[in-house]
Structures are given as C-alpha cells and as structure tokens.
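Structures follow.
Two complexes come next, and they have one chain in common, chain A, joined by chain B in the first and chain C in the second.
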Partner chain A sequence: MDESDLPTWPPGTDLETVGTGVPRREAPAKVTGGAVYSSDLRLPGQLYAAIARSPHPHARVRSIDTERARRQPGVVSVIAGEEGGEGVTWYEESVPLFGPVARFAGDEVAAVAATSLEAARDAVRALNVDYEVLAHVVGIDEAQRPEAPSIHGTPGNRTTDPKVEERGDVAAALAAAPIRIEHTYRTPTAVHNALETHGAVAWWQPDRLTIWASTQGVTQVAQMTAEALGLDQSQVRVITEHVGGGFGAKQVPWKDVAIAALLSRRTGRPVQCAYDRHGENVAAGKRGATRQRVRIGADTDGRLLAIDAELVGDSGAYQTAGEAAALWGPYQGLYRCDNVRTSVTYVYTNTGPAVAFRAPGYVEAAFALESAMDELAHRLGVDPIELRRRNHTGVDQQQAKPWSSPDSLPLIYDRISALAGWDARPRNAPPAPGGDGGVRRGWGFAASDWLAGKANPPGYASVELRTDGSAEVVTTVQDIGTGTRTVLAQVAAEELQLPVEEVRVTLGDTAAGPPSPTSSGSATTPTMAPAVRAAAADARHQLVAAAARQLDCAPGDVTLDHGKLVAANSGSRTVAEVLEGLSPAAVHGWGELVAVDDSVSVRTFGAAVAEVSVDTGTGEVRVTRMVSVPDCGRVLNPTLVASQIIGGVTQGIGFALTESQLVDAELGLPVNDSLEEYLVPTVLDICPIEAVPLDRPDTGANQLGVKGIGEPPMIPVAPAIANAVFDAIGIRFHELPLTRRRVLDALAEAASPDESEPA
Partner chain B sequence: MLTLTVNGQPHPVAVEPRRILLDVLRRDLGLTGTKEVCEMGNCGACTVLLDDEAVYSCLVLAVECEAQEIETVEGLARGQELTAVQEAFVACDALQCGFCTPGQILSMEGALRRRPDADEAALTEAVTGNLCRCGAYRNIVAAAGRVAATSSGGAG
Partner chain C sequence: MTPFDYQRIPEAAAVPAQLTPTVRPLAGGTDLLTRLKACLDRPDALVDLKASDLGRAIDRVDGGWRLGALVTLSRIQHHPGLRADVPALAEAVSQAATPQLRNRATIAGNLLQRPRCWYFRNERVQCWLAGGEGCPARSGRNEHHAVFDTDGPCVATHPSDPAAALVALGATVTVLDGGGGERELAVADLLVPPTDERRVEHVLAADDVITAVTVPSAPRSTYLKAMDRAVWAFALVGVAAAVSADGEVRLVASGVANTPWRLAGAEAALAGPGLTPEAIDRAAAAATDGAAPLAENGYKLPLLRTLTHRALTAVA
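And then the complex of A and B:
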C-alpha cells in the first residue's frame, strides 16, 4: 500500500499513541551495557586492523617496505600501496585506496591485520615508508592563491567551477539601496567527533560479504562497497544495530569498510577496522571552514532589496559523496528578496576531507546572514524579530512554488517571542567601549530555514501480525540514536490500535528488505513513518477482510476496535481468533512511500533566542539560556523531539564558542586532534534549554504531516549567540568561534579610540 | 596470570603488563558495555568502579587491579531491576546514541557510593568528565535531579 492512498491525519486528530512521550525503546539496553555497537563485535577468529597514515600533508609515496611489519608477532596480513589496494578507488576523485600521493596528514597508505590491536599497531610502526615530501597548502585563502601548490591540478584548487545562482539585478539593486551592509564572515572547521569512531567488521565468505558498520546508511554502505569492490549488491549485507553517533560523518562509507573487507578476503577471517581518535579527527570528515563575503541592500523600513554572497568552503583534500554543504541556501530562501546572487566555490586544501555535518552549509551561512540581519535591525532601530516579519515570504523563490507550511515562520516568531519574553527583555545601556571589566548580559535572536526534513523516497516497510496479539515492523532503515525504532512502533501501534509495547521493530539490516534511505537530511522519520503507517494500514485491511470472511459479512461492515473485529450484525472475533482462522496464511502488510508531492516546497523552519553573559575582564562568553522553536510538522514523540532539539542546540553552542580544528599552516598538521584539545561542550557549558516544537502537522509534506527534526535546531544557535554578544558588549563578531582571545582582542580594539567605528 | 574480580566474579586472565583495564574488559572478558572512545582519559566513556571509586579504565593497567573490586555497567542491574541512576537515565531520556551512557552512569554511581544523599549539583559535578557528543546534557542533569530526589526521599 502506498502511503499517499491513505487519508491524512488532519490537524487536531485524536491520536492515542502518536504524540505521546513513549520512552525510547532501546534505552534499557543502553543503560545496562546490552546494546551492541559494531565496535563491540567479537566474532570467532576475528582479526584487528590498524591503519598507517601519512605524517605529511602532501607527499609522494616512493616505496613501502613491509618486511619488518610482516615479521611482527601476531601479524596476519599487510596491505600497502596501490597493489595492496587491489584497484579499489575512493572519494569522488576516484583515487587509489592507498594512493601513490598522500594529500593530507592522515591519508591512508597501508593497513595491517593482526590477532590483537596492539600487534596491529606495533606492525604499523614497523612499516618503513619512504616519502618524497611535496609542498602543501592549508586554508582556503592560501589555497586560492596563484602560487599555491596544486592538489588535484584544478584551477585555483577549485573542486569545480563556482556554482552561481542569480535572480533579478543584484548589482543595480545594491547600488540603489539606501541601506547597505557589507562584511566578510568566517566560520571554522568543525569536527563531528562522534564518540564511536568510524569502524566496521567485515567477514568475506565465499560469494558474500557481511559488514557490521557504524553507519547512518546500511543501504548506502552496501551500494558503495559493492561498487568499490566490484561485487553485486546482493552479495553485500550490512548490519547496524546501534551507532555511537554520526552527525553526518557516517552517511557514506569511509575507508575502514574497504580495508576491513580487503583484509578479510586475504585472511579468510572476520576483520575489525576502527579508526582511533586521531584518525577520527583528521580523516573521517569535518564541516569545512568558510569565508562568506556578504552584501545586503535594504530600504529604510528594513525590507531587503538585494543580497549578494560570495561563498567559499574548504573541501579538504577530497570530495566525499552524500549531502553537499548548501551554503547558498539561507541567502536564497529564508527571506523575500527579488535580487539575490550566490556564488559558491569549494577549494581543495591539504587537510582531511569534508563531509556533511548536521545541516551542512546552513549552519555556516546562517551565522553570516543572521548576523547581518541583526545588524540591519540595529542600524534601523527596528526590533530584530519585527525585521524578520517584514521580510517574510511564503514562497520558495528559487523554485517559484509555495512552501508546504507558508505560515510556519510567522507562527514561530509569535511563539518564541512569547516563550522567551522577548518584548520584556532588559534593554542594555550602551556599554563602555572595551568593557569595564565587569560581566554584561545580552539577548539575541536568529531565524532559520533548512532545505531538507522532507521524505527521501523510497521508503519501504512491512508489518506482520502475530497470534499473540503483537505486531512486528520490519524495515532495513537504521536507528542512529534519534529514536527511529520508537516512533515507527508508535505509528504502527496507532494504525493497528495496539498498545505500543505490542509492536516490535526490526531494523538496521539490508537483508531484511528493500533499500532504505540514509539517515541524513532529517529524512528518516518523514520517509519511514508514512511507509510504516501504510504497512500497518495494509495489515489492518487484510485483517478486516479475513474477519469479514469468517463472520460471513462484507468487509465494510467490520471495524477493528482495540484487539477485536466487530461486525455490524454478525458478532465479533478477537484478532488472535481471526489470525488463527487464517493459519497457516498470515497477515503481512506492505507499505511504501515512493514519491513526494512536487507542487509545494517542503522546508523546516525555526528560530532561537539566546541569553548570554560576557565577562569583559576575561573575554568569556557563557550562554545562560536558550529557547528553540523549530517546525517539524506533527510531533510523533515529544520526548524524542525535545532530545533532538537540545542536542542540536548543544552542538550549536559548541560551534559558536569553542569548536575549531586548528591546522598549523607551516607544518600542515592538525594541532588539536583529540578530545582534550578539540573542545566539545561539557555538561557545565550547557544552560537551560527550552525546546518547544511548533507541533503543527504539515499535510503538504506527507499524509502524517511529519517532517524531520535532526538537523534544523542547530542552525540558528550560533547567530543567536553572536547577536546576544553584540547586545551585551556592542561588538559585532564576523568570525567564529567566540573564544576568549577573540573577545578580548575585540574589546581592546573597541577601547582604542583610533580603531572605533563611526556610529 | 592474574585474577580480576569483575562484577563479583573472579576472572583468571593472562595479559601483557602494558595492557589497560579497558581493553582487557572489552576484548578478553567480552564486557563491551564499557566503551572505548579516546584511550587517553579525555572523555570518560570507559568509566568503571574500582573499589567503589569511578576511574577511567583507559588510564589503569589491568595488572594494577588484581586485589580490587571492579564494577562495570553490566553489573549494576539485578535482573530486570535497574538502579536508580539507570532508571533515571531511561525516564529522563538522558541518552541518544548511548555510547557515553555507561560512563555517565558509573560516574554518578561512584558519587552515590561516596555520598548516598548526593544532590543534583554533586551528581552533575560527577559527570563533568564525561563527554556526550549527542548533547543530552540537559537530560543528564534532569536524571541527576531525579536520582537526588529519590535518594534524599529514601534518606528522609
């Protein structure tokens, strides 16, 4: 059954299980140590792999002497160089798995399988690799200079030609605009740093390859691995029971999968290959740094007349598959504006490859655009939220069609304003230039949109009914810690009128059914929940038809009423009785979501308010309160949605204040490649967070009115914080993160009369 | 050969002196509830109790632990009956991916062994060395509050 053949759950529908805070189903397993992650796997005869990585940011591998490594105790197999990679190519550039050229410090050159991890690591240290060191370049500005070393032989180290999108006449509109704001904004390289590193266990048996992967996409891993290894996809099975965090970096397979597979083929034994924390920091993806030259023109009421954005992002040494960082997005879509031009360029640098990281591109662009909008509001003396209202659009201006939820943003503005107490916020007296050494407080606001959060078809599911009164949902999709199992159980329970405890969910295994989407683009729930609902409805229809036959009446006369099938005039039967009557046939419902309505543009909107304190003596910014109001359509489970919101806000606080991968320009080496030096937030960095989704079914998105929630809450956080810092100390920051050093420098500059900007 | 006492059970194991407790628990004893994340004492995911004290098992050599009682996340619940901390983590949804969860829980359990009436602030203080990349901290604080309310209720 196709989900679009079912009636919508209209707003206000009285639902029993959907919309309640059903506890996360795997929580008991996760608090008792029973949840098994791919890194926990211990198969009989399993070997452990370790990877040799280039210590140089750019080097040619002249030769690799593996003799000493092979003689180490416990070593079973060593694969090195192009021969060791067996023709497997990687990344969008299709470079050899172990390339003759290393393009970042951490690029893989060889791997070892041994009977213990210690032995494998010892053997890696015993490899003798002869490198010819080449000139390197890090940093997007430096990589674009004519004299920069060329990383892939492309002009200006660009990955492709700039992607330019323009509507209207931006130059003329900017020139004519009475108010103009122009700045160059910068965002740092941020590392996902999921606590479970990228890793896989591969077991190559004759004609089939089984992979237990820490991934956001079992189907994606099966497809890409089969392609890379020259196998038929039917020969590759990928299993993911639990994942220790992904945040985008695990939406494509990384080299751990191929290395484990090749070593397993050579040894005939299962091989576990997991990155260590250093590898995770340098070679498993990042949110690439950006430089954004933004020019905004507005009229004296604050209505946008023109936006021009020159956007440059750091791709690292290679391009990866998966979601692109859509840096153009907020500029093109968040506000009504007839004249918009965005130009996006990604450049290669001799650093680890970038990959999608929670709302890729939008998090970076929102910092710039929403800082500029706040500046415009202050320049005009217009309330920042009122300024957004004046620039609201209900239309996707790029595609010239309406949003599926055109009034979401105005409703969000109302809701967050009331929740935060925005209009009653304390108004600061102008701060002393440079601060007076005391602590000042401020409030900031930012809005957001996100191009995803809609279904990513196809999604397939089945639902089988059991005579014990239970149901089993089966789908291949994975649960990456967002609560997918739980919400799918709720949706099936709703449609079948079962207690949610009576619904089992089996997922995370490509052998269990047809392909499923990767958990990216906040697409899992809007794709899979409608498919599961359709499967459950199909099962219900089969059950009703069987009951009608047994009760000798028309199906239209039978209704399901909480475990009983009641016929208008012919009595009733329990579900178990009907199923027993059917035996050995069974009720096996099938559901799918294979297309989405193209007549509307589905977006997920949101907004955040931040309260901060800034210590003008130490430069420390502390976020003291966050309010977040995202729109994810109908809320299937308020507890799980709130968890996603606080998680996104927490990562946003890290992005705003502390997170930045630092690479020494001269050495080309990351200097903070550990969790001691790369500063993710701790429990003491996080303030109270009010997480209040709009909870308004978006029936343009699908029949359930559900949209995704994973990514959007992170988007407005950093600009809301930066705007609050401006409110506190009167200094506008154009670069993240807002470290103490940066804040102190800015305070010192503001205190120097020569440097102060004219009002 | 040495004998490690883990969750009340003696385990004779032969390990090289250089091997850390974390690794022996996970690889030799199959107790994979204790998670390996950083291997250098940065993140707290490998926290276990050593004679009732929360320690990072990546910073302890297995051979140092022979005379001590080691407790891991697998040893906390009695059958289906969760400890107050485990129950609070479930009730408050104080986890997402769950990879940091065993360490968070054992850090709080350690604080409770020291002070059974530990308040929310003390239990939160106990997990300052436990990173959670999913950002479940606010719910972890809520779980600390729930445990504190239960334990002080019990004490009163």
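And then the complex of A and C:
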C-alpha cells in the first residue's frame, strides 16, 4: 500500500499512541550496557585493525617497509600503499585507498590486522614509511592565494567552479538601498566527535561480505562498499543495531569499512576496524571553516532590498559524498527578498575532509545572516522579531512555489515571543566599553530555516501480525540513536489499535528488505513513518478481510476495535482468533512511500531565544537560558522531539562558545585532536533549555503531517547567543567561537582602540 | 604504549632504591597513563605506589596540615578541616579535572604532572621539552601558553591548580631518596623551569619519592580559575591568594609560566598588610608587570589582573 492512499491525519485528529511520550525502546539496553555497538562486537576468530596515518600534511609516500611490522607478535596481515589498497578508490576524487600522496596529517597509508588491538597498534609503530615531504597549505584564505601549493591541481585550490545563484539585480538594489550592512563573518572548523567513533566489523565469506557498521545509512554503505570493492550490492549485507552518534559524519562510509573488508578477505577472518579519538578528530569528517562576505541592503522600514553573499568553505583535502555545506540556503530562502546573489566556493586544504554536520551550511550561514539581521534591527531601532515579521515570505523564492507550511514562521515568532517573555525582557543601558564592568546580561533572537526535514523516498516497510495478535514491523532503515524504533512502533500501534508494547520493530539490516534512506537531512521519520503506517494499514485491511470471511459478511461490515473485529450484525472475534483461523496463512502488510508532492516546498523552520551573562572581567560567556521553538510538523513523540531539541541546542552552544579545531599552519597539524583540548560542552556548560516544538501537522509534507527534527534546532543557536552577547556588552562578533580570548581581546579593543589593553 | 613490567613493593621506604630513569613510580596514573599511551614515556617498569604503605592520611599538625602523598584530590575537596583552614587548596582541587579523575589523582602526583602543551603531547612533534629541538608553540598556536619568562626554551605552562595554591600557602614536600635520606623542600623550590640538562619541571632525582605535603594554615586564602568551559579544562589563568599567619599576602598564578608564578610586582604593590580597595587596585594593575605575552595570548593579561583583583578582594 502506498502511504498517499491513506487519509491524512489533519490537525486535531484523535490519536491514541502517536503524540505520547513513549519511552525510548532501547533505553534499558543502553543504560545497562546491554546494547551492542559495532565496536563492541566480538566474533569468533575476530582480528583487530589499526591504521597508519601520515604525520605530514602533504607528502609523497616513497616506500613502506612492512617487514618489521609483519614480524611483530600477533600480526596476521599488513596492507600498505597502493598495492595494499587493491585498486580500491576513495572520496569524490577517486584517490587510491592508501594513496601515493598523503594530503592531510592523518591520511591513511597502511593498516595492520592482529589478534589484539594493542598488537595492531604496536605493529603500526613498527612500520617504516619513507615520505617525501611536500609544501602544504591550511586555511581557506591561504589556500586561495595564487602562490599556495596546489592540492589537486585545480585553480585556486577550488573543488569546482563557484556555484552562483542570483535573482533580480543585486548590484543595483544594493547601490540604491538606503541602509547597508556589510561584514565578513567566519565560522570555525568543528568536529562531530560522536561518542562512538567510526568503526566497522567486516567478515568476508565466500558468498557474501557482511559488515557491522556504525553508520547512518546501511543501504548507502552496502552500495558504496560494493562499488568500491567491485562487488554487486546483493553480495554485501550491512547491519547496524545501535549507533553512538553520527551527526552527519556517518552518512557516508569511511575507510574503516573498506580496510576491515580488505583485511577480512586476506585473512578469512572477521576484522574490526574502529578509529581512535585522534583518527576521529582528523580523518572522519568535520564542519569546514567558512568565510562569508555578506552585504545586505534594506529600506528604512527594515525590508530587505538586496542580499549578496560571497561564501567560501573549507573542503579539507578531499570531497565526500553528499552535501557538505549548503551555505547559500538561508540567504536564498529565509526572508523575502527580490534581489539575492549567493556565490559558494569550496577550497581544498591539507586538512581532513569535510562532511555533512547537523544542518550543514545552514548552521554556518545562519550565524552570519542572523547576526546581520540583528544589526539591522538595532540600526533601525526595530524590534528584532518584528524585523523578521516584516521580511517574512510564504514562498520558496528559488522554486517559485509555496512552502508546505507558509505560516509556520509567523506562528513560531508568536510562540517564542510569548514563551520567552521577549517583550518584557530587561533593556540594557548602553554598556561602558571594556572590562571590568562586572557581569552583564543580554537577550538574543535568531530565526532559522532548513532545506530538509522532508521525506527522502523511497521508504519501505512491512508489518506482520503474529498469532498472539502482536505485530512486527520490519524495515532496513537504521536507528542512529534518535528513537526511530520507538516512533515507528507508535505509528504501527496507532494504525492497528494495539498497545505500543505489542509492536516489535526489527531494523538496521539490509537483508531485511528493500533499500532505505540514509538518516540524513532529518529524513528518517518523514520517510519511514508514512511507509510503516501504510504497511500497518495494509495489514489491517487483510485482517478485516479475513474476519469478514470468517464471520461470513462483507469486509465493509467489519471494524477493528482494539483487538476485536466486530461485524455489524454477526458477532465479533478477537484478532488472535482471526489469525488462528487464517493460519498457516499470515497477515503481512506492505507499505511504501515512493514519491512526494512536488507542488509545495517542504521546509523546517525554527527560532531560538538566548539569555547570556558575560563577565567583562574574565571574558566568560555563559548561556543561562535557551528557548527553542522548531517546526517539525506533527510531534509523534514529545519526549524524543525534546531530546533532539536539547541535543541540537547543546551542540549549538558548543559551536557558539567552545568548539573549534585549531591547526598549526606551519606544521599542518590539528593541535587539539582530543576530547581534552577540543572542547565539547559539559553538562555544566548547558543551561535550562525550553524545548517547545510548534506541533502543527504539515499535511503538505505527507499524510501524517510529520517532518524531521534532528538538524533544525541547532541552526539558530549560535546567532541567538552572539546577538545576546551584543545585547549584553555592545560588541558585535563576526567570528566564532566566543572564547575568553576572543571576548577579552574585543573588550580590550573596545575600551582603548589605540592601546593594546585596558588598565 | 610500549610494554613494561608492573611491580608492587609493600614498603614505601623500599621504593626509592628501586627507581631509576626507566623504572618509574605509578600512583593515580591520571597523567602517566596518557603519557604512556602517547609514547612520551617509555619506562621498562612501573612500581605501583598504591600497593605500598605510602601515606594516605590527612593529619592536623602544628600550624597546619600534613597530607600523605597518596591523598586523592577528592578527599581534599571534601575534607571539612581543609576547606575551612586552607580554602585555597580545597578550591584548587575542586576546580581541577573531573570527579572521576579527582577520585584517582593524588596530591603528590598532581604536582609532578607534565605540561599539557599540545605540541609536547603530540606524538608527531618532537619539541625541545620532549627531547627534540625547538618550540613550535612560540610561533604556532600559543593561546594557552606562557606570558611570563617566555624567552626560555619552552613556553608550556604548568598544568597543576593545587601547585599554585600550595606555593601561595608556603607548603613543603617531604622527599625520600634512594639512599634512605629524607629532606624537606618548599613546593616553590620543587617546581622550577626545565633546563637543557633537566627537561622536566621539577628538581627531583630519579630515585626521589614525595612522601607527604605539609600545608600551613591560611583560612584567608582562595584560588580562582578561568577555563574555556565550565569544568574539565586546564587553567587559562588561575590565581591563588593567601594571607599567612604572620599577615604576609602571597599571590601565585597558574597558567602563565613554566611553573606556578609568584606575582611579586602585585605583592610589592600592596605595600603593607592592609588589603584596602586602593591597595587591591594597585596590586591587580601590577600583576602583569614583566609579562611578555605571545602572539595569541595577550588576553591572559586582563584575565590575570581581574582574577588577582577578585582573589585579593575575597581574602581582604
């Protein structure tokens, strides 16, 4: 059954299980340590792999002497150099798995399989790699210089020509605009640093390669691995039971998968390859740094007349599959504006490759755009939220069609304004410049849009009814820790009128059915929940038909009522009785979502209010309260939605205040490649977070009215914080994160622009 | 990590004689293990001091406290007597690391930690302190590095919070050597900048073991710390202020030099025992006298002045 054949659940539909805070299914296993992650797997005869990484940011590998490593105790196999990679190529540049040229410090050059991880690591140290060190470059400004070393032989180290999109006449509109704001904004390189590092166990048996992967996309891993290894996709089975965080970095397979597979083929044994924290920080993806030159023109009422954004992002040494950063997005879509030009350039640098990271591009661009909008509001003396209202659009101006939820943003503005107490917020007197003016407080606002959160077809699912009346949902899609199992169980329970406890969910295995989407773009729930609902409805129809036969009446006369099939005039039977009567035939429902309505444009909007304190004596910025109101359509499970909002806000606070991968330009080495020095927020860095989804079914998105929630809540956090810091101390920051160093330097400059520091 | 032997010796007094440059003591291990894993240290053997009768007691002694070398940071943090009588020490340990680490880390081991400089700790870099050449931090990423005494061979800062507090408090350590000799050493003299011949931040010989730390009382004392997140980070700058029994005010900063840094200019600017608002203003302004910040860490100067001001105000 196709989900579009089912009636919509319009706003106000009376639902029993959907919309309740059913506890996360796997919670007991996770809190008791029973949940098995791919790095926990211990198969009979399993070997452990360790990876040799280039210590140089750019070097030719002259030779690799593996002799001493092979003689180490416990070592079973060593693969090194181009030959060791057996023709497997990687990244969008299709470079050899172990290339003749290393293009970042951490680039893989060899791997070892041994009977223990310690033995494998010792053997890696025993490898003797002869490098010819080449000139390197890090940082997008430096990489763009004409004299910069060329990383892939492209002009200006660009990955491709700039992607330019323009509507209207931006130059003329800017020139004519009475109000102009122009700044260059910068955002840092941020590392996902999921608690579980990338890792896989591969077992190459004669007829099939089985991979247990920590991934956001079992189907994609099967596809890409098959392609890389010269297999048919049918020969590769990928299993993902639990994932300890992905945040986009696991939306594509990394070399751990291929290395484990090649070593397994050589040894005939299962091989586990999991990155250590260093590898995770340097060679498993990042949100690339950006430089955004933004010019905004407005009329004296604050209506946008022109936006011009020259956007440059750090791609790292290679490009990965999928969108690494949609930097143009908010400029093109968040506000009504007839004259918009965005130019996006990605630049190669001798650092680890960039990959999608929670709302990639939008998080970076929102900092710049929403800082500029706040500045415009202050310049004009217009309330920041009112300024957004004046610039609202209900239309996707790039595609010239309406949003599926054109009034979401105005409703979000109303809701967050009331929740936060925005209009009653304390108004600061203009601060004295510099420190030590003690602790000052401020409020900030930012709005957001996100290009995804809609279905990414196809999604397939089956629902089988067991003879005891319970149901089993089967789909290949993975649960990356967001609670997919739980919401799919809720949707099936709703359609089958079952208690949610009587619905089992089997997922995360490509052998279980047809392909499923990668969990990226916040697409999992909007794709899979409709498919599961359709499968459950299909099962219900089959059940009703069987009951009608057994009760000797027409299917139209039978209704399902909480475990009972009731005929209009001829009695009733329990579900179990009907199924028993049907046995050995079974009820097996099939559901799919294979297309989406193209007449509307589905977006997920949101907004955040931040309250901060800034200690002008120590430069400490503390976020003291966050209010987040995202639009994810219908809320299937408020507890899980709140978890995603809290997680996104937390990651946003890290992006705003502490997280930045620092690279030594001369050595080309990331210096803070550990959780000690790369500062993700601790629980004490996080404030009370009021997570209040709009909860308004978006029936333009699908029949359930559900959209994604994983990514959007992160987007407005950093600009809301930066705008609150401005409110507190009167300083506008154009670069993140707001470390003590950055804040104290700015305070010193504000106090005495001609002297180095205040007294 | 390279393989090593693991040894237990029940009598602490017998340990020093067994120690050599490659047979090293292990206590909490919170720093040593990270160094072993990074191959910064490659000992042949470790002698586990926790298996010995080395001191674990917190005792009141004349004029102060005596802490056995194996006393953990957690016990100091939660000890009512220490919190009341030497608050600078209790505050310093409570802001160090995390509860898990504080449950393991010992007070003596904390003083002997190696710097967290991200070049020194990086296996792919062989800096002067790690036995190689040069200091990449001097021209590299140095926002966490020293602002005083920066013309030496190394600009790493001392990582210990308690060390600054102990120097301000005038604490001493008791050291037992391999020949059975015992000596008393001020913490201020224990911790010294590394030299070409001794690329380590303390003066202990290979066969020396700290057996106790003696801390004079100073109920008017405090330690303030600035980090880039709320917890679990080393000090960007920390300031310990202590008023001794005879009324002397000592000010010592962490995060600004190879060792805990006595703020002599600030102490002199107090010009007398009265901590008046004017005197505190003068002292805070003088806290950065002689500072020579690097390219990325000029922010530490206003930070140091603020923390000095607030620490003095707290003990006034």
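Note that in this section the second predicted complex is superposed on the first by the 748 of 759 C-alpha atoms of A that agree within 3 Å, B and C clash if a C-alpha of one lies under 4 Å from a C-alpha of the other, contacts with A are read in each partner's own complex, and residues count from 1 in each chain.
Quick note on the criterion: contacts are C-beta pairs under 8 Å (C-beta built on N, C-alpha and C of every residue); 3 or more make two chains touch, one makes a residue touch a chain.
What you see is a predicted model; the values in this text were computed from it and never measured.
Asker: If you stack the two complexes on chain A, which partner ends up touching A:Asp207: first (chain B), second (chain C), both, or neither?
Answerer: A:Asp207: touches no partner chain.
Asker: With both complexes superposed on chain A, which partner does A:Ala35 reach: first (chain B), second (chain C), both or neither?
Answerer: first
Asker: Going by the contact rule stated at the top, is it chain B or chain C that touches a larger number of residues on chain A?
Answerer: B
Asker: Once chain A of both complexes is superposed, is A:Asp423 in touch with chain B (first), chain C (second), both, or neither?
Answerer: A:Asp423: touches no partner chain.
Asker: Quick one: is A:Leu684 in contact with chain B, with chain C, with both, or with neither? Answer first, second, both or neither.
Answerer: Touch partners of A:Leu684: chain B and chain C.
Asker: Of the partners chain B and chain C, which touch A:Gly617 in the superposed model: first, second, both, neither?
Answerer: In the superposition, A:Gly617 contacts chain C only.
Asker: Is A:Ala27 in contact with chain B, with chain C, with both, or with neither (first, second, both, neither)?
Answerer: first
Asker: For A:Thr739, select first, second, both or neither according to whether it touches chain B, chain C, the two together, or no partner.
Answerer: The answer is second: A:Thr739 touches chain C but not chain B.
Asker: If you stack the two complexes on chain A, which partner ends up touching A:Ile480: first (chain B), second (chain C), both, or neither?
Answerer: first
Asker: In the overlay, answer first, second, both or neither for which of chain B and chain C A:Ala748 touches.
Answerer: Touch partner of A:Ala748: chain C, not chain B.
Asker: By the touch definition above, which chain A residues appear in both interfaces, chain B in one complex and chain C in the other?
Answerer: The answer is residues 118, 676, 681-682, 684 of chain A.
Asker: Contact residues on chain A for chain B in the complex?
Answerer: It comes out as residues 23-24, 26-37, 39-40, 42, 116-118, 192-197, 242-247, 276-277, 480-483, 639-640, 642-644, 646-651, 674-676, 680-684, 686, 688-689.
Asker: Taking the touch rule as given, give the residues of chain C at its contact with chain A in the complex, in rising order.
Answerer: Residues of chain C touching chain A: 1-2, 39, 116, 118-119, 122, 124-125, 136, 139-141, 143, 226, 228-233, 236, 285, 296-299, 301-303, 306-307, 309-310.
Asker: Could you please specify the touching residues of chain A with respect to chain C in the complex?
Answerer: Residues of chain A touching chain C: 55, 105, 118, 121-122, 125, 435-436, 617-620, 622, 657-658, 662-667, 669, 671-672, 676-677, 679, 681-682, 684-685, 739-741, 744-745, 747-748, 756-759.
Asker: Per the contact definition, I'd like the list of chain B residues that touch chain A in the complex.
Answerer: Residues in contact with chain A: 16, 18-19, 23, 26-27, 30-40, 42-43, 45, 72-74, 76-77, 82, 86, 89-91, 93, 95-102, 105, 124, 127-128, 130-141.
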